[in-house]
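As structure tokens, here come the structures.
Both complexes below contain chain A, partnered by chain B and then by chain C.
After this line comes the complex of A and B, so read on.
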């Protein structure tokens, strides 16, 4: 179970989710309800990121994104606003519904004046220097994990939750995501994750993620703020704060043409 | 620790407006490590790039410029010939200046613009649209490498396809090392010449003389490209009528030899045709890239420089070029690129002056650490199957000090090779360098 799945679920979960009884103790049923739901379509969002290292030094990134559902995939375009050295750089991703198909990704760097296909092989690398990885930004297949209920009645911030453990079934999934296992606290009311703890295979790190400021936008539960903290040997190694300063769905400006090399190269 | 005291507080920034202004300030200093006892300063270049960009609805426009000065050429002008000072001492030049109009699936871009062809990341046999800054082999910043050209470009973008027709109206040959400049070939060329020749040329200055006008309406270059972005693969087809940017060298006129002043070395930029194909495909953790280019009736410098009176001419032949490369991204934080390029002449010319499309290999390793703050890179290029035409290897470490502020240290080692090649004469040119860069 990757954070991306959690991100998708936390950010884009409709209120009319697949019904799961709060008394359910079937971890697979709960996670399927969290994962296999309609995502908000034709979205436009602006994301501000602040990364803090061990010494307390901060870096900022701002990215605008557009996403849309297609017949066999979900496409996303991200254009970077800041910092200035990557302004107007962009990433176009096609995330196929079929888990057997590899995602397509193209990167445009203004300094090269060129769009290049990039390999999505190493998904455990940092996403834009944050504590999130590219795997966190890619939807994972629920069939690739084994789930178990650790606590059927827990509470986080006054909210009733299930605590579920997800373990990748295959070495490939473990290698691609970089996670040995993940604990997920899922809101019984909203059917979205409210926090997670992931065991990172590299360097025996722990990654803590909190989804905050969860509000409805166009009928979808949206976590407007995500905090991620990487801990190693009991010390906070780095942390990232991701804040959606705007997010909207069913936007007319989002069309199939929004997800092309041409649009990627046009920049902001 | 853990979930405790998990405050998330981000100060919202102002969204980018339709009118963007920005730039880059850079300072690069380099030392010749084999000349520490003499004048070791290879470079102290300060540069500023500024741009203004506007985008709203169907209209885009950009204007940008570049200014630089390099202290060794300003502080020690007596050490350099006239053309070298003109090429390296300072520049104030326009870069992009274009307007783009979109209408449905069509887009027209008019003005000075950058367009890159092909799939090669390190080597390309198809990237013939733009001139390049080749003053310092292996040391040019990527941002500066491709120089915009004045062109009209019409694009049609149906679905995953991309069709483009482009007329380039500017004959820009870019920048190259001057004959007697720090990276120039003349010393190497004359090393094997007859002593009578070298004696006669003692103390004379040489300068490249490009034939033709920069803006010549009767010599446009035409380019056609189709590109398809598929699931797991991209394909491209190319056709061009292009003027040879590298050029063919000519023999200076007898009057130029007899008269005082710089001796002009003519460089002809003749037209040839090109057909090409490119592709890239994902195979597991490997990205395979390839290019094929058929240069039709390509001009080639021919002759012999080792005789008393060098015989130099221009021959023409077809050349089939190819590039195959792979990028491996299966190791966390590490990216490995390897590319191999070479050419084949169905009817080889006799006595070519320089190797025609020699086997060339290139690699690049990039390791990122500290959440992408630190990037360690190593790269190298070798010309000739046994490096007979030389090669260079470069390593550098770049660190993001703050948002948009980077520092870099590195070094480069040149090996000129045993035969006449692109790195001719670079036998005491190894350098270490530092760079500070601020993007704003």
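After this line comes the complex of A and C, so read on.
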């Protein structure tokens, strides 16, 4: 399992989780419970992103996001709210359930007054310039990973957790995600990840992720803040903070029409 | 039996104590030497980087470190490959080499270590915390290493034809990928690929030359120290060699190769020159003393002094450089002078029938004061480099001064102890009892040159020499080209010149734009100005050779243009900056997601600062000076007040070296002259005599600098120290001569008698020490660096000139300026 599914699960984990005993030492069972749950649908969110470079310099942007499940895919529309010079630029992405099928992405740049398709070949590419990749943002198949319990009774911030190691089974998965392995700390109470550490193959980097401010929204446990830090040889290369200032599910305003090119070009 | 008129009570007392406790003293000296040896062998570094030479310029260093804080390393390891680039076998092999380089791994202890941080640590300073403030990660997020998993930490990035970024519009979509991501092209696809590459200004002059006979893989690693850089350079060279085959010739070049070659030469030279100097000195000592202990003892004195100096350098973290590599051999030559003066008197005392220990006590009691003063003046000459701006020069001066002091201590302690183990020497004929030899006849001729009718021509000759030397000095040029030190046939020189000629330069200028406002670097007007600036710089021609020296440049402008073209369906006409600001912002928004790491190398996260990276061909540093003026003019013309602009990078570092050369020379030399003049006045206790004494010290320097001007030897980093070193050495003979003169003049009041006494007592030792120094410095001819060879010859020449000045001009000046107060007058001096 990669970071991508962790994010997915952390962001959109319903409370009606499959029950797993806190005493369980079956890593696959735990991760299946984390992964195979009904995901929230028809969401509307506002996300503030702050990117910090190695010198401590920061840039921020705000994105409005809509997402919805379709028969064979999940679609997401993101529109830039700020900074002002990119307001209304937008990205429409389709993440197909079929792992063999490449995702589609369309970019709308107001200056061009038309929508451009972006090649989705490289999913290990950055998500909006953050430390997260597009691959991090999409759901992955649990069967692609080997899991092992490293600690059955760990604690993070006073919360009882399992520490689980996930390793991709195939070179393809390793190559696509860019991760050699991931350590995941899963809350026994909420059945959501609270933090993770990923070994990034390229450049022997380490990517640390913290899921914080986990609160229930419409019955789902939602990490309202995600902090990601990329470290290499003991030096922080960059970090990103993603903060959901608002998020709601099952919103009536979210319909199939919300994910059309026309809607993308319409802007905020 | 003592002579209170000529002996120092202090040195008599100290030598008696040294000999009384000789075993204890010996044990102490051995302990210090072992500690120094361990320190030197385990932690002495070698560093010949231009960056280190320029480290004294706070503004230049500060600009470079600020650049590195924001954008990372500004230099590469260049893996240069020669062959028919656009052929299937070549590209196949290139792809394999690229992959191997990306996977290259080597355990590098200092990985991530920045020079500035290391230097600050050595200096006991703390730098501002570089790590950014982050969210509350606590102990989680502290890097505990990558564990046992395999991977590559060493290589940060490899850029070549294989992966050169292409932002293209293909199959109806904007796609960012490497040039050969789709695999090696077929024969039929090669012409199109060649045209595409050679028409891309971002590639030509950057990773491929216009003739397509060479291409280069740019290997960027993380920061590391000099030693590890050299190891990595060797490792990359060996790795690349494994891919060599007919039509695919590989070599690794770049600044690191240059530094490594220089460092290797320095390490080799230090050992070779020291050994050769010791052998030559040994032969000279055998000729002088014809006994085992008087030969071994002075060599032990200088050997231990050299070792202590290296130990001290390792202790304070001062690395060996091309400048300090001369120190051990220098100490052998200079340090031996003290021993020779002491042993000469010791031999005379033995000849007079004085017992062994008392002979040594008398020798040191007699020579202690002048030996101490000669040491002090040589130290002053060297310590004056403390006022130079380059740390390499400062540290060489201080290390040399310490070494000379160590030689004094060992001459006064180790030498008498070792000589005390010498069985009683057989009687040597006293000077008055043996027939005049060549040295006596030479001294007599020198004396004759300034007596009677010879006086005025000698003085006029001195004035003429000054005039001629001044003419030569006006021709002196300043030059700094470390590559020229290695010679034209050195593989590193060949690699760098080939790189320059066939692909693009290995040096760089980084022009940093600071808009001081968030997203300021996206400003269209600023981007247009940067585009204008880049064009101007790329077309700059060397004022003499009329060759273009900039091989290419990269900035945010290229990214915007490339992305704009891709967004317009790949239309080549759209490889331009967009017409409106919004389009620029949109283009960068797209690129940010496609290549955040590339964007981070060219602009800061807050988009307040970005830079224009200009690749520049290798030249001597002086040739860069007009280019820098051109850069400044063009920045003023194009950027104006659109952003604050600071230029930095390798070339600016070199320029700061050249800027400081002459001022360093003048500043340190002036300090040396003032300090040594004051010392001479103190020693001779006579202002007039002290000032006269400086004439024979300064004239050899003028002569050598004039000679350098006439024969075209420029002032560079390796010979910058020459003037201060010459005065430090030349003054030794003057001190011995004038010390004896003053003693004679005080006793008789007769200038003539005092000159004769000085000639008799100091003349022979002066000739001997000059012969020793000249022979000693002549071993520098064995150096593998041309600059060191020239340096040795110039110092040797200076020693000879200094001797002539002391034996001919100094007596003439004394006769001209010092009144004769004896009742007999000069005509009655016995001969």
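Everything below uses one rule, namely that the second predicted complex is superposed on the first by the 267 of 268 C-alpha atoms of A that agree within 3 Å, B and C clash if a C-alpha of one lies under 4 Å from a C-alpha of the other, contacts with A are read in each partner's own complex, and residues count from 1 in each chain.
FYI, a contact is a pair of C-beta atoms (placed from the backbone, for glycine too) under 8 Å apart; a residue touches a chain by one contact, two chains touch by 3 or more.
Just so it is clear, the structure is predicted and the values come from calculations on it, not from any experiment.
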item: First (chain B), second (chain C), both or neither touched by A:229; value: both
item: Touched partner set for A:55, first chain B, second chain C, both or neither; value: second
item: First, second, both or neither for A:102, with chain B first and chain C second; value: first
item: Touched partner set for A:128, first chain B, second chain C, both or neither; value: both
item: First, second, both or neither for A:268, with chain B first and chain C second; value: first
item: Chain B versus chain C as contact partner of A:181, first or second or both or neither; value: second
item: Doubly contacted chain A residues - partners chain C and chain B; value: 51, 53, 57, 59, 83, 85, 111-112, 116-119, 121-122, 125-126, 128-130, 195, 197, 206, 208, 210, 212, 225, 227, 229, 231, 234, 236, 238, 241
item: Interface residues, chain B side, partner chain A - complex; value: 1-3, 6-10, 12-13, 15-16, 20, 22, 24, 53, 55, 60, 100, 105, 107, 114-116, 119, 121, 142-143, 146, 155, 157, 159-160, 162, 227, 229, 231-232, 234, 280, 282, 284-287, 327-334, 368, 370-373, 400, 402-404, 406, 437, 439-440
item: Residues of chain C touching chain A in the complex; value: 69-70, 72, 111-112, 130-137, 140-141, 143, 146-147, 149, 151-153, 155-156, 170-177, 222, 518-519, 522, 567, 578, 580-583, 585-587, 589-590, 592-594, 596, 599-600, 604-609
item: Residues on chain A engaged by chain C in the complex (per definition of touch); value: 51-59, 80, 83, 85-86, 89, 107, 109-112, 116-119, 121-122, 125-130, 156, 180-181, 195, 197, 199, 201, 203-204, 206, 208, 210, 212, 225, 227, 229, 231-236, 238-239, 241
item: Interfacial residue positions of chain A with respect to chain B in the complex; value: 46, 48-51, 53, 57, 59-60, 62, 81-85, 87-88, 94, 96, 101-102, 104, 106, 111-114, 116-122, 124-126, 128-131, 178, 195, 197, 202, 206, 208, 210, 212, 225-227, 229, 231, 234, 236, 238, 241, 243, 245, 256-257, 260-262, 266-268
